[in-house]
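Dropping the structures in below, format is structure tokens.
You will see chain A twice below: alongside chain B first, and alongside chain C after that.
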Partner chain A sequence: MKSGDAPTAALPAPIPLGRRYPWLEGLSRFGGGMLFLWPSILLFGGFVFYPLFKSVYLGFFVSDPFGRGQEFVGFDQYREVLTSPDFRKSLLVTFLFALYTVPTGMVLGLVLALLANQRLRGALFFRTVFSSTIAASVAVAAVMWLMLLNPSAGFVNWILGQFDLPRVNWLTDPQWRTIWDSGPALMAVSLTTIWLNIGFTTLVLLAALQNIPQELYESARVDGASPWSLLRHITLPMLSPSLLFVVVVSTIIAFQSFGQIHILTRGGPLDATNVIVYSIYTDAFINFEYGAAAVRAVALFLLMLTITLIQLRFLERRVFYR
Partner chain B sequence: MALVTFDNVSKFFGEVVAVKDFSLEIYDREFIVLVGPSGCGKSTALRIVAGLESPSKGNILIKDQVVNDVEPKRRDIAMVFQNYALYPHMSVYDNIAFGLRMRGLHRREIDRLVKEAAQNLGLGDLLRRKPGELSGGQRQRVALGRAIVRRPVVYLMDEPLSNLDAKLRVQTRAELVKMHRLLQTTFIYVTHDQVEAMTMGDRIAILDQGVLQQVGPPQEVYDRPGNIFVAGFIGSPAMNMFPARLQTRDGDAFADSEAGSFRLNSQQAHGATDAADGEIVVGVRPEHLYVGGGEGSGAVSATLGAMVDLVEYLGNEAHVTFSLSDTTLVARLDARVKMKLGETVPLTVLVENLHLFDRTSGQRLA
Partner chain C sequence: MTIRIRYSRVARVALTYAVLILGAAIVILPIYLAVVNSLLPKEDAISYPPKLFAPDPQFGNFKKAMDVVPLGRYMFNSFIQSSVITLGQLATSVLAAYAFAFMRFPLRNFLFMLFLSTLMVPWEASIIPNFQTVQMMGDPPAGLAVAIAVLVGLSVGAGVAALLAGVFRGGRTARWRIRALAVAVLVGALVGILAGVGTLRAALDGKILSLDSYQALTIPFLATAFGTFLMRQHFMTIPLELRDAAAIDGYGHLRFLWRVVLPLSKPALGTLAVFAFLQSWNQYLWPLLVTNSDTYRTVQIGLAGLASQEIGSINVVMAGTIIALLPMLVVIVLFQRQLVRGLMQGALKG
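Coming up: the complex of A and B.
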């Protein structure tokens, strides 16, 4: 042993706290983690998890008009509400509403984004216009369309008049049947929703378009690609993550739409626009049947969860992430 | 026969002049290198051949046909981009096959050509990978594969080696030259690297600020640079250049400078008379400077007293910076010659190795 070496054997090495009391170390790590998490836990707990579990719970009770659980009925209420004809009708309306709004909104958004992405003079103006509806509130959009769709003074019917077509009572006609046995009201509400969401869709897709390297297009042009091939083989694959995002988010938005329906049609005429969300509102706040509303809410939650999972499962395979 | 012709081509981007009055004939099966500092217009010139830009003025001809308004895909060209521009969502196979598919070849034919190209480039095992899973060198080879599989009449390459590390760059440089010999087609190659230009090109075209400065075989350009820009751009370390004045004494022509006085030979004296007012620039390459007196060499030489300022040993050679009053000269010397900093040594140059330029126009005099 050289004289300079420390006498290591003389002093016992200090045992780390964690080795003496492993549970203490685990606890302090847990506590540290919770310190960071508590704001989120508080918010999500109060406004998401508690209402979620409360809804499931409420579904087991037939409640009094003040929302207090009155009589325990178990799954009877679930069975009764979910098999009722009006739930089936609202389910159908909800699906049709999503079917009208999501694909149309996405195709239109893509077209507008492609147009706005052209390197032309004034493109910035159109980019702003195309994405401007993102700044409009649901109420403003709905009132605006209420005026446009007004049977006697509205712009839409004025246009129809110019072509000698009959006027349509867009929001109130219960007789006229358009596609899949739905009336013009559902189309009118869908139109408003598409208009409302087009800004968001356009903005997301435009941002994604601008991230595609220009050289890919140049390379493909030298390789012999036509404009259609460029769209098919370069643009769409490179946009696929954003397209998936837009599909999932617009579907969720469609299933959650309320404001425009409330302002334009209040679920009518004859339940033609009574989507699940609106029927929850009617049950809970018009009929004061909180239990039945809770059942519908739980059903909607499970429906959206399933659809989102299916979309991710089947569409993500076709998505290319850089 | 010229395969690609630039006929007085200019390209403006708004106020900016990218290429100006550019005329050049590129011959069949030639390897020509467009070289110049960044922003000199070399890439724009290449993109004009590709059809990705159209000339603002003048004509671009391929096989004697004016192709100004012909789409890229109808020009029978292939291009390798600086960042390779591989399609990130496609496998290596699909990347190479893309151009063939766009041309509507039969699936079996495409498969044969892709596999053949991949084999030649050593990409056989990587065909199912995506570009994101490849190294820089492998991506570069995919970009080459995508070009060669199409067998075009002209290959356009825009700084294809600049994203590779130094060792791989040297190796790929040689491979490209071999590939050119094998394919027997025309390569138009753009680079800012004068070493690439010197080593690869049959001819090199030097551009500066959108203007063609000189075209010729690398050695000729090196030995007889046409103007001050080319003299300074080609060669590393760069050519030493310093101002001088033409004087006649006792019937002999001299170039007098702060570094010293050089008696010109008759050919140089004759050429130098073109200088408008006797104001010239004298250039001398670093390898043409010797330490020691000029006696015994037989040739006309000048010996200057120079102080050693800086010595950079590179193993096989040393770059030594000398100062003579206000002039700085760099010499490329044998690494075994040891120099002391601050020491003054005699520095000799053979007069026949001097380059003379007009100071106003920058053009070569002799």
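Coming up: the complex of A and C.
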């Protein structure tokens, strides 16, 4: 602070309003704080809290085909939509999608991060390459995989051909069944998603790996620990907070995925990739059934809240914090 | 003995490199093949077996992609959208984080929890009412327009009054200070009324927010709990004694924030900026819903459109894809350090 600023000693102390009117002091402090918080509060109120309650409210009304003329039906619509076979199907697809993408993505990201974290010539280059997919947006990734998964000229089927495996109509085959009745389309969308997120996962885990103090390894090596036990007893425990973070975030990403499905399969074939978010989109903005879509949206919110809380509660116990 | 050890070491390093190169090849393959295909002539791009090299690069594909859809306009729109969201998020979260970190006021902790709770609401769960809001704001009911005008007028007025009151704080006598306060309130009220009237007129004309506009692309995302949290965690590392010292020198909150806190927070600001930009550049569902003309369509939606429109010319589609990928690649390479730091903070939070 410059010495030429206002003379400090001559300033009278502010009138201590608080001594005589404590509530006034509190109020003026509250007002001061609100001046700084007000922009955020206005926006959160308008675009987060209000729509959340509005979604619950919309679920009580059945919309006509134009999205207008609402008829109040109470909880009937909630019961009807949530017990319908297509909601059960989309729930299953959503869980399968998370099951395909989250563990695979985490293991692959961990392997890549461990590989690139070694002290080798060119490690920086590999780190950059491994985290490069973070630059790809969901549309870029999906369009690229649209090319790779092309049934006649795509790279994926060409590789299969090299091993004498039959070609797969990745995005359109409704017949071929894998586990729980899900076709290859869900696997194709999952593959795209894993690739899209691998850069993020690797980057998080690499950053975490570099925060592990080297002395831990050195003292363990002096005690004759093998590389495997170093990994098991030092690296993984020290990484566990970041692994938990990766699991929670990539589960959330999986439950919110939309772009790749919109570009690759449009929810098809036969609803094989119709995850909850996609069914919200078709219900609300293709069929104009706002009420039914709102029910699915509320279900999605509760589902994600529950899963995140469960993950934090259960996995927290296995996590080692310094 | 020594020879065997050295041999196994060499073998291990070779194996590590082999696995590294294999991993890199798999990760980079889709991007590499996209580049190759963007340079192939049309008939080679959909041939079997797929071409792995482009011996005779066709740069005309890029021009063709720009001709088929206005990719340049889309990129410009995405750039405007992402920049406005980034600047807005920086402003709102710096202000909110400052209040949470440096000011003491009733309900502070409750409000902080309320902010954090917005992290638990997935955007997709509130997308229908938000779409309806934007739709309605194109031609708002008078009551809503008045309510918004009053809110904006009051906020702007109170802000101006508080700012002036802060500026006049250096007064020495009680009477001077009361006069200054009166002037501040008066000017604040005047500015507030003007802002309110202006807002009312704009709102009634549907200019505040309407479908197919930059406002629809940006306004819902101008506040962020993640950013507020990130900045607050950083502000908490600034010693409170600094605030006390600044207060003795007659610094108000705003001047302290601008002159002391922000210069100390450049790394955190950088992290938040990179994240905000990346996230808004990658948005898909919301721009898909609220834009329906080339004037405001973003590059993600435009790329999806190009892909379904030119399904027969993979080379042109891939050229468009590379064009859409390039800016982000540049951002990532330039700002990787901020990104890693942000991820670390996120990881610690988890």
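The rule we apply is simple: the second predicted complex is superposed on the first by the 299 of 322 C-alpha atoms of A that agree within 3 Å, B and C clash if a C-alpha of one lies under 4 Å from a C-alpha of the other, contacts with A are read in each partner's own complex, and residues count from 1 in each chain.
Basically, a residue touches a chain if its C-beta (ideal position, glycine included) is under 8 Å from a C-beta of that chain, and two chains touch if they have at least 3 such contacts.
Keep in mind that this is a model prediction, so the values were computed, not measured.
Peer 1: Quick one: is A:Ile234 in contact with chain B, with chain C, with both, or with neither? Answer first, second, both or neither.
Peer 2: In the superposed model, A:Ile234 contacts chain B only, not chain C.
Peer 1: Report for A:Ser84: first if it touches chain B alone, second if chain C alone, otherwise both or neither.
Peer 2: neither
Peer 1: Looking only at chain A, is it chain B or chain C that touches more of its residues?
Peer 2: Higher number of touched chain A residues: C.
Peer 1: Let me test your reading of the model: by the given contact rule, A:Glu215 touches which partner, first (chain B), second (chain C), both or neither?
Peer 2: After superposing on A, A:Glu215 lies in contact with chain B but is clear of chain C.
Peer 1: Scan A:Phe285 for contacts with chain B and chain C and give back first, second, both or neither.
Peer 2: The answer is second: A:Phe285 touches chain C but not chain B.
Peer 1: By the touch definition at the top of the document, which applies to A:Ala225: first (chain B), second (chain C), both, or neither?
Peer 2: So A:Ala225 only meets chain B here.
Peer 1: Quick one: classify A:Ser132 as touching chain B (first), chain C (second), both or neither.
Peer 2: The answer is second: A:Ser132 touches chain C but not chain B.
Peer 1: Touching A:Gly33 in the superposition: chain B (first), chain C (second), both, neither?
Peer 2: After superposing on A, A:Gly33 lies in contact with chain C but is clear of chain B.
Peer 1: Please report the chain A residues shared by its interface with chain B and its interface with chain C.
Peer 2: none
Peer 1: Using the touch definition from the top, list the residues of chain C that touch chain A in their complex.
Peer 2: 13, 16-17, 19-20, 23-24, 27-31, 33-34, 37, 45-50, 91-93, 95-96, 98-99, 103-108, 111, 114-115, 118, 120-133, 151, 155, 158-159, 162, 170, 172-174, 219-223, 225, 228, 245-246, 248-251, 253, 278, 281-282, 284-285, 288-289, 299-301, 303-304, 307, 314, 317-318, 320-321, 324-325, 328-329, 331-333, 336, 339-340, 343-344, 346-350
Peer 1: Contact residues on chain A for chain B in the complex?
Peer 2: 213, 215-216, 218-226, 229, 233-234, 237-238, 240, 320, 322
Peer 1: Per the contact definition, I'd like the list of chain A residues that touch chain C in the complex.
Peer 2: Against chain C, the touching part of chain A is residues 1, 5-6, 8, 10-12, 15, 26, 29-44, 46-52, 54-55, 58, 111-112, 115-116, 118, 120, 126, 128-148, 150, 152-155, 158, 161, 195, 198-200, 203-204, 206-208, 211, 241-242, 244-245, 248-249, 252, 255-256, 258-259, 262-263, 277, 280-281, 284-285, 290, 293-294, 297-298, 300-301, 304-305, 308.
Peer 1: So in the complex, which bits of chain B are touching chain A?
Peer 2: 50-52, 71-73, 77-79, 81, 83, 85, 87-90, 98-99, 102-103, 132, 146, 150
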